[in-house]
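Below is one structure; the comments refer to it alone.
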Amino acid sequence: MIIIMEPEATHEQIDTVLERIQEIGLNVQINKGSEQVVLGLIGDTRHIQDVAFQRYKGVAKTVRISNTYKLTSREFHPQDTVVDVDGVKIGDGSFVTMAGPCSIEGLDQIRETARMAKAGGAKILRGGAYKPRTSPYAFQGLEEEGLRYIRQAADEFDMKVITEVMDVEHIEVVAKYADILQIGARNMQNFKLLAAVGKTGKPIGLKRGISGTIDEWLNAAEYIAVSEKSPVIFIERGIRTYETATRNTFDLSAVPLIKKLSHFPIIVDPSHGTGVWDLVTPMARAGVAAGADGLIVEIHPDPEKAWSDGPQSLNEKNYLKMMKEVNVMTEAMKKINELKGDK
Amino acid sequence: MIIIMEPEATHEQIDTVLERIQEIGLNVQINKGSEQVVLGLIGDTRHIQDVAFQRYKGVAKTVRISNTYKLTSREFHPQDTVVDVDGVKIGDGSFVTMAGPCSIEGLDQIRETARMAKAGGAKILRGGAYKPRTSPYAFQGLEEEGLRYIRQAADEFDMKVITEVMDVEHIEVVAKYADILQIGARNMQNFKLLAAVGKTGKPIGLKRGISGTIDEWLNAAEYIAVSEKSPVIFIERGIRTYETATRNTFDLSAVPLIKKLSHFPIIVDPSHGTGVWDLVTPMARAGVAAGADGLIVEIHPDPEKAWSDGPQSLNEKNYLKMMKEVNVMTEAMKKINELKGDK
Amino acid sequence: MIIIMEPEATHEQIDTVLERIQEIGLNVQINKGSEQVVLGLIGDTRHIQDVAFQRYKGVAKTVRISNTYKLTSREFHPQDTVVDVDGVKIGDGSFVTMAGPCSIEGLDQIRETARMAKAGGAKILRGGAYKPRTSPYAFQGLEEEGLRYIRQAADEFDMKVITEVMDVEHIEVVAKYADILQIGARNMQNFKLLAAVGKTGKPIGLKRGISGTIDEWLNAAEYIAVSEKSPVIFIERGIRTYETATRNTFDLSAVPLIKKLSHFPIIVDPSHGTGVWDLVTPMARAGVAAGADGLIVEIHPDPEKAWSDGPQSLNEKNYLKMMKEVNVMTEAMKKINELKGDK
Amino acid sequence: MIIIMEPEATHEQIDTVLERIQEIGLNVQINKGSEQVVLGLIGDTRHIQDVAFQRYKGVAKTVRISNTYKLTSREFHPQDTVVDVDGVKIGDGSFVTMAGPCSIEGLDQIRETARMAKAGGAKILRGGAYKPRTSPYAFQGLEEEGLRYIRQAADEFDMKVITEVMDVEHIEVVAKYADILQIGARNMQNFKLLAAVGKTGKPIGLKRGISGTIDEWLNAAEYIAVSEKSPVIFIERGIRTYETATRNTFDLSAVPLIKKLSHFPIIVDPSHGTGVWDLVTPMARAGVAAGADGLIVEIHPDPEKAWSDGPQSLNEKNYLKMMKEVNVMTEAMKKINELKGDK
C-alpha cells in the first residue's frame, strides 16, 4: 500500500500517520521529495485493509498495490489448476458441458433431460433441488427428494452432478448426492457458507454475484480456498446493469480476465447470461471463443411447461444444434492454441 | 396477469395457451378484438409466476398487474405499521436515531460510543459483532463477546440494540442480546435466513441489497412477513452504480416509494449511502426531508483508529453537529405534516 | 501523477519511463526504496493525461493526484460563485425555483403555466422549444415560435427564461430569447456545443449526463469555463442505474459533493430525478435539505394532456403544495446555516 | 398500445381515457371483462408516444406492443442490408476488419499504421481527426490536416476510411475525406447530428452510447434511416456498469439481439469494449463467434507513445497474432453457417 500525502501536509500530520503504521506492525519506506511525501508500507497488508489512512489529515490518497486475496491468485500459483470431478477434468484444455433443467421437477423429467444432455455430449447434469426464489410464493424446489432423482438420473447416463447448496445446514445432504456444489449468485458473499463448503473437499462452482466485481469474486473464492481442500470453478452468469433487453448483461471479458488473475478454471452460463433462449447458442459459441473451460446450460424436454426458467431453456432440438456449433468452436480453439504453441 | 397475443397468432396457438391456463387452475377472460387477442388471467397469480407464457408461440407479451408480495403491501394493510422496539416506537411520526460503531472493538470503545450516541439523542445503539467482510483476512468481529459488550453498554445508557445476524446458526445467540436483528445488504436475498429471522418475533432491520430493486426488496420483506411474527424496518443504504465518487449511490427516492407501496417503516443509512464522512450530515438532513422514519449512522470516538469503516464514521463533534441539524429538520417536517393535516 | 513501479522492475524499464517523462517536458521525483520505485511527476499534468504510462513494462500502477479541470475547481476559486441572471441571484444563499412545462405547446399554455409558476414563487420559467427525443417520430418542439411564446409569457409575469439549446447552430436564436441556456443530459459531453455556449456570456445550466460521473461533469463544466465568460449552474437530474421503479436514480449526494469540489452553484431536478409526479414533492424537500441552491420542476395546467413528460409534471394544486413545503424547508436551512455561523 | 384499467376504475374514468384516445385520432378496441377493462389502441402509435395515459385516474398500466422505430426494424425489412463501402461489403456473410490508431498523430504514423493494418488483412483504416475528449486540456485532434493524412495513407494501401464526425458543422469536410462517417458513443443521442449525417448518403458507423439501451440505439438509427439515404453499421463498444476491472462492459449479447431486431449489420469494438490490450484478442474472437459482421480495433506502431488510448492499442506483433486467430474463427463460423444451411 502506498500513502500519498498532500503537498501541504505538515510534519506533524506525517508523523501521526507514521505512528499509526508502526502501531499496526508494519514497516515503511519514506520518500520525501520536492512536491510531496509518499509512504510505501512494507509487510503483509492483507490484514490491515480496514485501516482508515485516507481519514488522516494531510493524506491525499491511498493506493493498494497488492491484492487482498492470495491462494486464488495466479501470482501465488502460476500454473492452471485442473479440477478433477470424479474423473471428468475441468481446466485441462478440454471443454466440459454441464446441462440440465433449472429445477428438478420429478424423476421422469430429470431422467429424460439427462438422456438429452448426454446425447448432446454433456458430461455433467445440472438441476436445482433447493431454489432461491425472489418471492416466497414461488416453487422452492423438491429438496432431498430432488437430489435423489438427479443422482439416479446421472448414474443411469454415466454423468456427474452439479447442484446448488443454499445454506450451511444443507451442505451435508447436498454433498451426499452431488459431485460439484454450486454457490448461487445471491450467495457469492454469504461468507459463512463459502467457508463451510470450502471444507467439504468437493469442487465448488462459484457463480458471480449479480453485482459482484471481479475483485470481490476473487475474494469470495479466497474464502473457499483458505481451507485448501476444495478447488473453485468460477461461473460467469451475467451481471445486473441498466440494460433490460436481456435478463442480465453477459460479461464475457471476465473469462480472459479471471484466467489472467487466477489459476482456477472458469465456465460460462449463457442461459442466465442472456435470459432468452434464442440468444443462448450464439453466446455459448462466444464463450468458447473467449477461452472458457466449459459451459453450463439450461435445457428442458418441454420448456413451455418448465416450472422455472422456461424462457431461457433450450429444447432438445435447439440444444443438439447448439452443441454441434460449440463443437466446431472447440475445434477452432484447438487450432488457435496450436498457433500459440508455435510461438 | 395479462397475456397479449400477436396480431397474427393462430387459433391453435391461442388454444394452447388457454389449455395451459386451465391446467394451472386459473380462469381466463378472453378479449377478442379486431387487432389482437388479449387474455386476462383470473385468480391468485402469485403461485404461478414461473409459468413461461412468453415462451409460447403467438404470445407477444405478458404483463404482471398484481404484485408477487402481499402481507408487505399497503394495499393489504393500508395503515402504517408502528414497530415497537421494547418501548421505542418506529413509524409513529417521531424520528428515531440509531448510532454506533461499524464494529464492536471492545467494552471501552462501545461504552464510550454509547455515551456519545446518547448525548446526541440516539435511542438505539448499533454495532457489529459478526462482520461480513469482502476478504477472509479482514477483521471478522468479536462474535458473542462483542454482543455482551454492546448489550452492557446499551443497558448502561438506557438504549436498545440493533446488530447484524449473518446466518441461521447465530440467530439464537444474536436474539439473546439484540432488540432488532439486522439483515445486511449481502443477505437481502438469503432466503433461508429471512424466513428464519421472521420467526423470532423480533423486529427485523432489512437492508436493501447492493443491487436490490425496490420490487425484490419488498419480496424479501415478504419472506419475513409470512410468519406474521416479526415486523420489518426497511433500511436504505445506497446501491451500486457506475459512480465511484461515493461508496454507493444513496437512493433517497426509495423513501417515499417504499412508504407508498408498503406499510412498514423505512429508515436511512447515510454512512454507507455515501461512504464519506463529510457527506453524511447533508444526506442525513435530506433523509429526514424525504420522509424517513429514522436514521442509522456510524460514529466512533476516534474514526482514524476505527477497525472498520473509519472513512465514513463521524467523531463526537461532527455527530453532535449532525444531530442538531437533524433536529431542525424533524421540526420542519412536523410543520409540513401539519400543513397536510389542514387539507 | 505518481507512477508506481513493480518490485521486480528492472533498471532499464525504469529508465525507459524516465526518458518518456523527460520527452513530454515534465520533471520527476524519484523515490527508490527497499520495496519498489515510486516516481512523482512534477509540473502541469493536465496536458499529458493520455500518456500511457500504465502500458510500459515494469509499471504497476499510475495514480492521478491532481484534477484534470482547474477553473471549475474550488481549489482554484475558493469562494462561492454567485450567478446573476439579470437580477435573480443563484448561489448566494437564497433558494431559486425554476418551473414550467416540459414542452412549450402554445402561447396560451405557456402563459397559463407562467401564471401558476409565479403564483408558487418561481422566478424563472422553464420550457422546451427544441426537444431531444428518443424517437424521430415524437414531437420535436415548436422551435423559434416556442421561444417567442416563452419570452412573452415570462415578461408578462416578470420572470426569467431557461430553455435548452441542442446544437451550435441554434445558440444565437436561443440566446436571443433566453436568460439561461440549458445543456441537456444527452449533450453533457457534446464538447463542441459546450465550448460554443461558453462564449455567449449567458449563464449555462449544465445537466448531468444520464451516466455522467461527477468527474466527467466537472470536466464538462471546464469546457464552458475556459472561455471565462459564462458561469455554470450544475443541474442534478438523476442517473441511469439498474433500478426501474423510478425513471432515473436521483443522486442527491451530488449536491454536497459538487459544492465541495466546485465553486459554481448546483440545483436539483426532482421531476426527471424520479419521473413520477407523487415522488417530486418529497424529493424537492430532500434537495433543499441536501443544500441545493435551487430547484427546477416540471408543471403543467393539465398534466394528463401534456405533450411530453405528463407522468412527472405537477398540476397547479400539487405544485402550490410543494412550494409551501419547500418554503418550510428553506426556512429550516436558514436556521441550520445560522447554527454553522455560530461555530 | 394496451391500456389496462384498474379493477376498481369507474365508468367515468374509462370514458375520460376513451375521449382522449379519440382526441388524438386513434381507434380503440374495448375489452370489458369480469376483472378489469383492457383498451387496445388501433392505429399508428409512433406519433403519440408522449400521451400520458398512465397519468389518468383509473389506469393501472400501459404497455407498448409495437416499436417506436420502423425503417430500422427487421419486421419492416426482413432481409439483411448489405452495406457497400465503395466496393467493400459489410453484412454479406464475410467478416470485415477496420484497424488503425485512436488519433491520427501525423502522416508518418498513419502511413505506418496503414501498412500494419493492411498486412493483417484489414480493409478499412480507422483514425480520429476530431477527438471528443473528457477534458478540454487533452489533445483534440489534428482536424482537417489529419483527414488529409488518413485519406492519403488509405489510398496508398488501397483501403477505405472510417473516421468520426463530432458536429453538424464538420460533416462536409469529414465526408470529403471519409468513406464511413462514425458517430461516437457520446453522440448516440445527438439527434441533430444523426439527422444531418443521414442525409449524406455515406454509410454511418453508429457507436452505442455508453449507457444506451438496445431500444434507444435502434431509435437513434431510425433518425439516420428516415432520410432513406445512408445505411447504418451498428458498433458495439461496451457499456458503462459498476465493474471497473475493464474500461467498459463489452455487451456481446447485443450482436445476436441487434441481428434479430434490425436488418443493418453490426460490428464489434473490443478495444473500447475492454480497454486493456491483452483482453482485445480473446474478445475479438468472441465477437466473431457471437455473429458480428466485422471488427474495429485500435492498433499503433508504438502503443507506449500513442497520443491517446495507448493502454488498449495493439502493436504490430499482437495485431497480426489477433488476426490469425480471428481468421480461424471466421472459418469456423463459415462451417457453422453451412450447418444451418443443411437444416
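To keep things simple, chains are lettered A, B, C and D as they appear, and every chain counts its residues starting from 1.
Rule of thumb we're sticking to: contacts are C-beta pairs under 8 Å (C-beta built on N, C-alpha and C of every residue); 3 or more make two chains touch, one makes a residue touch a chain.
Predicted model only: the values in this text are computed from it and were never measured.
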| item | value |
| --- | --- |
| Result of counting contacting C-beta pairs for A-C and A-D, higher pair | A-D |
| Distance-maximising chain from chain A - centres being C-alpha averages | C |
| Euclidean distance of C-alpha centroids - chain C vs chain D, Å | 27 |
| Between chain A and chain C, centroid-to-centroid distance (C-alpha), Å | 39 |
| Chain A-chain D separation of Cα centroids, rounded to whole Å | 31 |
| For chain A, residues contacting two or more additional chains | 211, 240-242, 244 |
| Residue numbers on chain C that touch chain D, as the complex places them | 20, 46-47, 49-52, 54-56, 68-69, 132-139, 166-169, 186-187, 189-193, 195, 210-211, 216, 219, 222-223, 226, 240, 277, 303-311 |
| Complex interface listing, chain D residues touching chain B | 2, 4, 29, 31, 33-36, 38, 40, 42, 60-61, 63, 65, 211, 240-242, 244 |
| In the complex, chain B residues that touch chain C | 211, 213-215, 239, 241-246, 249-253, 255-257, 260, 273-274, 278-279, 282-283, 285-291, 321, 324-325, 328-329, 331-332, 335-336, 339, 343 |
